[in-house]
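In the part that follows, the structures are each spelled out as structure tokens.
Look for chain A in each of the two complexes below; its partner is chain B in the first and chain C in the second.
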Partner chain A sequence: MTSWTEMQNRSFYEATARQRAKYLLDEGTFHELVGPEAGLSSPHLPVLGEAVSFDDGVVTGVGKIGRRPVFVISQEGRFIGGSVGEVGGAKMVGVFQSALALYEKAAAKYPGDESRLPAILISFETGGVRLHEANAGLLAHAEVMEQIQICRGKIPVLSLVGSKLGCFGGMGFVSGATDLTIMSELGRVGLTGPEVIEEVLGKREFDASNRALIYRTTGGKHRHIMGSANYLAADTIHAFRAQVQRILALPYAEITAHRSIGSPALVEEQLGLTALAAEIKPKDAAEVWAYYGNANCETIPDLSTDEFLQHVKTRKGGSAS
Partner chain B sequence: MSEHNSLKRDRTARIQAAIPLVKMGKVVEAANTVALLETVIRPGDKVNIEGNNQKQADFLAKELCKVNPEIVHDLHIVQSAIALDSHLDIFEKGIASKVDFSFAGPQANRLARMVKEGKIQLGSIHTYLELYARYFVDLTPRVAMVAAVQADVNGNLYTGFNTEDSPAILEATRFKQGIVIAQVNEIVDRLPRIDIPADWVDFVIEAPDPFYVEPLFTRDPAQITDAHVLRGMIALKGIYAEYGIQRLNHGIGFDTATIELLLPTYGEELGLKGKICSYFVLNPHPTLIPAIEAGWVESVYCFGGEVGMEDYVKARPDIFFLGPDDSLRSNRAFGQVAGHYAIDMFIGSTLQIDKYGNSSTATAGRIAGFGGGPNMGCDPRGRRHSSEAWLRCGAEDGILHERTGGLPRGRRLVVQMLETFGEKWAPSFVEKLDAWELAKAAGLDIPPVMIYGDDLSHIVTEEGIAYLHRCSSLEQRTAAIRAVAGFTEVGMAADTAETAKLRELGIVKTPEDLGIDLNRANRNMLAAKNVRDLVTCSGGLYKPPARFRNW
Partner chain C sequence: MLHELTFTFPGGTRTLPPAWSHTGVVGSGDLEILLRQADLGGGMEFHVVTPVRGFDEVWEKILGRFAAEANLGDVRIQINDNNATPFVVSLRLKQALSEAMEGGNAS
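And now, the complex of A and B:
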């Protein structure tokens, strides 16, 4: 059996949903909620002759980081592309509801002590809605969005994106609605996946077989320069965990200062970006990096995470880490 | 009195007719390509368009589609690969009618359909080496169209990193009074080195785009599964170590890529460095980088190049065969000869294997061809030199007495590695190969078999190894195959008592018999887990194509 300590140095990109959920938390504290033994699987897939998974592709649980109770939602890309269906969606919502219930109790018991209050981590690996159960999947997205809003002012909700499939489709919106996002350079966030863009707009517009292009456009480094990935971590479970630890040690107001939606000023900021894109009409992400003051943009993809964080200039000025 | 100089007179006449199209030296403008082809190619000619599973004379192939079929028709295409749309378009358009080839890969479905519809008259499907051989006997091209990196105005060619089939095709064509046309990426004043001398070349055309090269041998370590690692560990311990395999070829695929990545880790742990895998006949596989950097490899001869490996190969002259300009020379004909005669083991994957051990990559709707597989995946009957591994495998032959009366003879190890179920849960072990269906549908004389059962010495699956050559009868051989065939139809017929007996005889070995700890068979055993690791390991010399970069 590989020890908790050994697992810390493993690749976050390669880790399974359950490994991410378990090893992001303090050693020995992870407790899975509605795990495979509960046998809750999709009622829709058997009707279509598809195999089910006993966790429906989402691992949910709770454990601790320091004194904080931390809830985790972790998506498994190996099961139907990490897609969100009815049962998986309900499990996600259940995590928010449990966290909120615990928040009320903890806030009453430890008034003024934020270090005792719960937090939620979402480790995304998904293409969004599970098309086999489209309506239920869409509803799950809306419900999770609502829960994030209910958590405002109470529970920090952190997005972690660094797994194989990235975070696409409706879940791209969901990650954007959380309080902040941690990515590795291997993480990708977007709405429409590369293959779909190519199919709709043609190979000249976007060549989905060009992985370097995909990473320049949706990968962690680009997202960090643009400010939508607030933190960039190296590709180990430890690096993500250490970043989460540092963030959760901050006051709630500071953690949520990174939000990209939720106020008229933030809406203005987003609209400003749209206008800028229309003005400079970049042909490639590297042109945007240059716009924000970076030199030698063609070498940026090759930099290690540390070198990148030391040298790169971001939209918001300097590095957020 | 019979005429003895008709070929040369015909050649001279065709070249004379094309003189108005020549701009300078041997250079013809790209815009005049169709006119040139209509001038020098005659109906019924045997024509070669260079291409294999890597580089392609794609511009010339496309231009040949544009010739007037009333002028140029009924061509007999003799070439390694049917790989591009244009290779089959010439048949749709009535420009060509018959084909003799080796490998079809991406066009396999369309080729099968067109043969069935009677649009193509199929000659034979060859191995690369067989086809080269026939260029010098009865399939000599009248006109050859090849691809080179650079030319000078006199017609000297630099084929460089991707030399591949050019020397074999041109030697056969030009020395039998044929006509040679080369598409080049650029015309320069001075070539880095001369791979083909100008007097073998008649016309040179600077193509609008560089010739296409497929990065066919790049395997992304990120896609290697724990099951690959298990099979790799089984093969290393039960075959490489067991026989001390020093000279070998690795087929294309994730299984052998995995073994390359296990050498510096599991191989090192087993103390095998210097005892196995010193000499490869192999393309410059990016997954071989960690083993080369760890000092495992003495020599690699390449059939062709591999996109992105140019600088790395150039910086490792002790290992690779480089020209005076320090870039790789990859002469496929010599590579195939080396792979046929000078290796002690071929190990690769296949799609289907039948209960007797015959294997094939053909399925009912695809004429995929052979490439180089059969020449490496066989026991070469003409081999006379010996080596430890060859002698050992021969000494274990269960029917040596029936074959030679007991006279000692060595044997090549021919190993197939596969998961018992392949993509989309298609069983890898079958009662009858799909190749039978294909033979019937396409009117082939015999089912296209990549490796015959009697040449196959070992099968490796997640269940273990079957040492087929140790069997003393066909019945025992089928039992050994059943024993490693898992839950396929073939494997379900296995009898527990019978398998136990084969394990006692050492004809079947499970991971347990080999002392392999299943818990350690996971991706953490790999010396590189992704393409980025390979780049790092190469000191930044390996430059992967964009499609393999996730950064």
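And now, the complex of A and C:
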């Protein structure tokens, strides 16, 4: 079997949900919660004649990074587009509840020692709600949002986006509601996916067959320039893990300072971006990159992650990495 | 409705080292396999859940051949299929068996 060390150099983009969950954590510490042996699959899909999965497309578990207990939620894009249904949604919420319960115990046992407190990682690969079980899926989004708010002031919640399907639909909102986001340049975050935009507004508005356009508009580099991807990592499990390690070594106040929602000042900041879009009316993401002071914007998509991070100018100034 | 199939075969002499082992992802044209120790009087039982109808005999042949090769007893094998071809089914079964015999991937 492939060793933990060998798996570290594997592509994050290609890794399955279970591989991401297991190999982001310290070697040998991953313990799956409600794993495949529990056989908790969707009760809604069989009546529709749709294939089911023992984990309902969400891998949940707990392990360690250093001294910290770290909970992981990892979505599997290969199973119905990583869509969130009733069971998968409940598993996600269960992770937050377990983490919060552990937080109370750990905070009482180790007062003043943040290195012993739990953290939550969400490795997104999803198009959002599973339309086959739409109401339950929507409700799950709302419940996860609520849990993220309950975690405020207690548990760092980190979004990781670098898998094949990206993070779209309602889960795009959810990733934006966490403390911070780590992306690779292959990661994509958005609300309405490219195909849906083209379907509704036409090919002139957005050509969903234009992969370069999709990456310029929703990809990790663009998100990093805009500030919604706080950190950009190379496409290996190790690179994501190393970034998580660096972040979890910071004081909680510094981690949560990256939040993009949750205060009147942040609402003003977001509204400012909307006003800016109306003012400069960009026809392409590259025009926004130029607005923030980047030169030779046409070369940005071809730069390696390292080169990009060395030279890029971002909305928030400099590179967060 | 999803199609559910159950097949039983006489088991072999080997037993499954871990209590259970899981392999695979239910992607399009793919499947997942859960092997579990079970008190089946030495036998081997397969439980298949699939959207595909009309291939019961093909399943029986593939699983019967695998049962003979695996030489395992007291094992229940559950499969969630999503339109995998017979070749992919055989390949994943071999992969699942090899991972299970190496100690499985249960955490």
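Basically, the second predicted complex is superposed on the first by the 321 of 321 C-alpha atoms of A that agree within 3 Å, B and C clash if a C-alpha of one lies under 4 Å from a C-alpha of the other, contacts with A are read in each partner's own complex, and residues count from 1 in each chain.
Everything that follows uses one rule, which is that contacts are C-beta pairs under 8 Å (C-beta built on N, C-alpha and C of every residue); 3 or more make two chains touch, one makes a residue touch a chain.
In this text, all values refer to a predicted model and were calculated from it rather than measured experimentally.
S.K.: Using the touch definition from the top, say if A:282 reaches chain B (first), chain C (second), both or neither.
M.R.: neither
S.K.: Applying the document's definition of touching, compare chain B and chain C: which contacts more of chain A?
M.R.: C
S.K.: Answer with first, second, both or neither: which of chain B and chain C does A:215 touch in the superposed model?
M.R.: Once the two structures are laid over each other on A, A:215 reaches chain B alone.
S.K.: First (chain B), second (chain C), both or neither: which does A:32 touch?
M.R.: In the superposed model, A:32 contacts chain C only, not chain B.
S.K.: Scan A:94 for contacts with chain B and chain C and give back first, second, both or neither.
M.R.: A:94 sits against neither chain B nor chain C.
S.K.: Kindly classify A:176 by the partners it touches after superposition: chain B alone (first), chain C alone (second), both, or neither?
M.R.: After superposing on A, A:176 lies clear of both chain B and chain C.
S.K.: Looking at the overlay, does A:262 come into contact with chain B only (first), chain C only (second), both, or neither?
M.R.: A:262 sits against neither chain B nor chain C.
S.K.: List the residues of chain A that touch chain B in one complex and chain C in the other.
M.R.: Overlap of chain B and chain C footprints on chain A: empty.
S.K.: Under the definition above, what is the set of chain A residues touching chain B in their complex?
M.R.: Result: residues 10-11, 14, 164, 185-186, 209-215, 219, 221, 301-302 of chain A touch chain B.
S.K.: Quick one: which bits of chain C touch chain A in the complex? Just the residue numbers, please.
M.R.: By the definition above, chain C touches chain A via 1-2, 19-20, 22, 25-28, 30, 32, 34, 36, 49-51, 78, 80-83, 99, 102, 105-107.
S.K.: Mind pulling up the chain B residues that touch chain A in the complex?
M.R.: That would be residues 222, 523-524, 529, 540, 546-551 of chain B.
S.K.: Quick check on the complex: what are the chain A residues that touch chain C?
M.R.: 1, 16-17, 22, 30-32, 35-37, 39, 41, 45-47, 49-54, 57, 61, 76, 78-79
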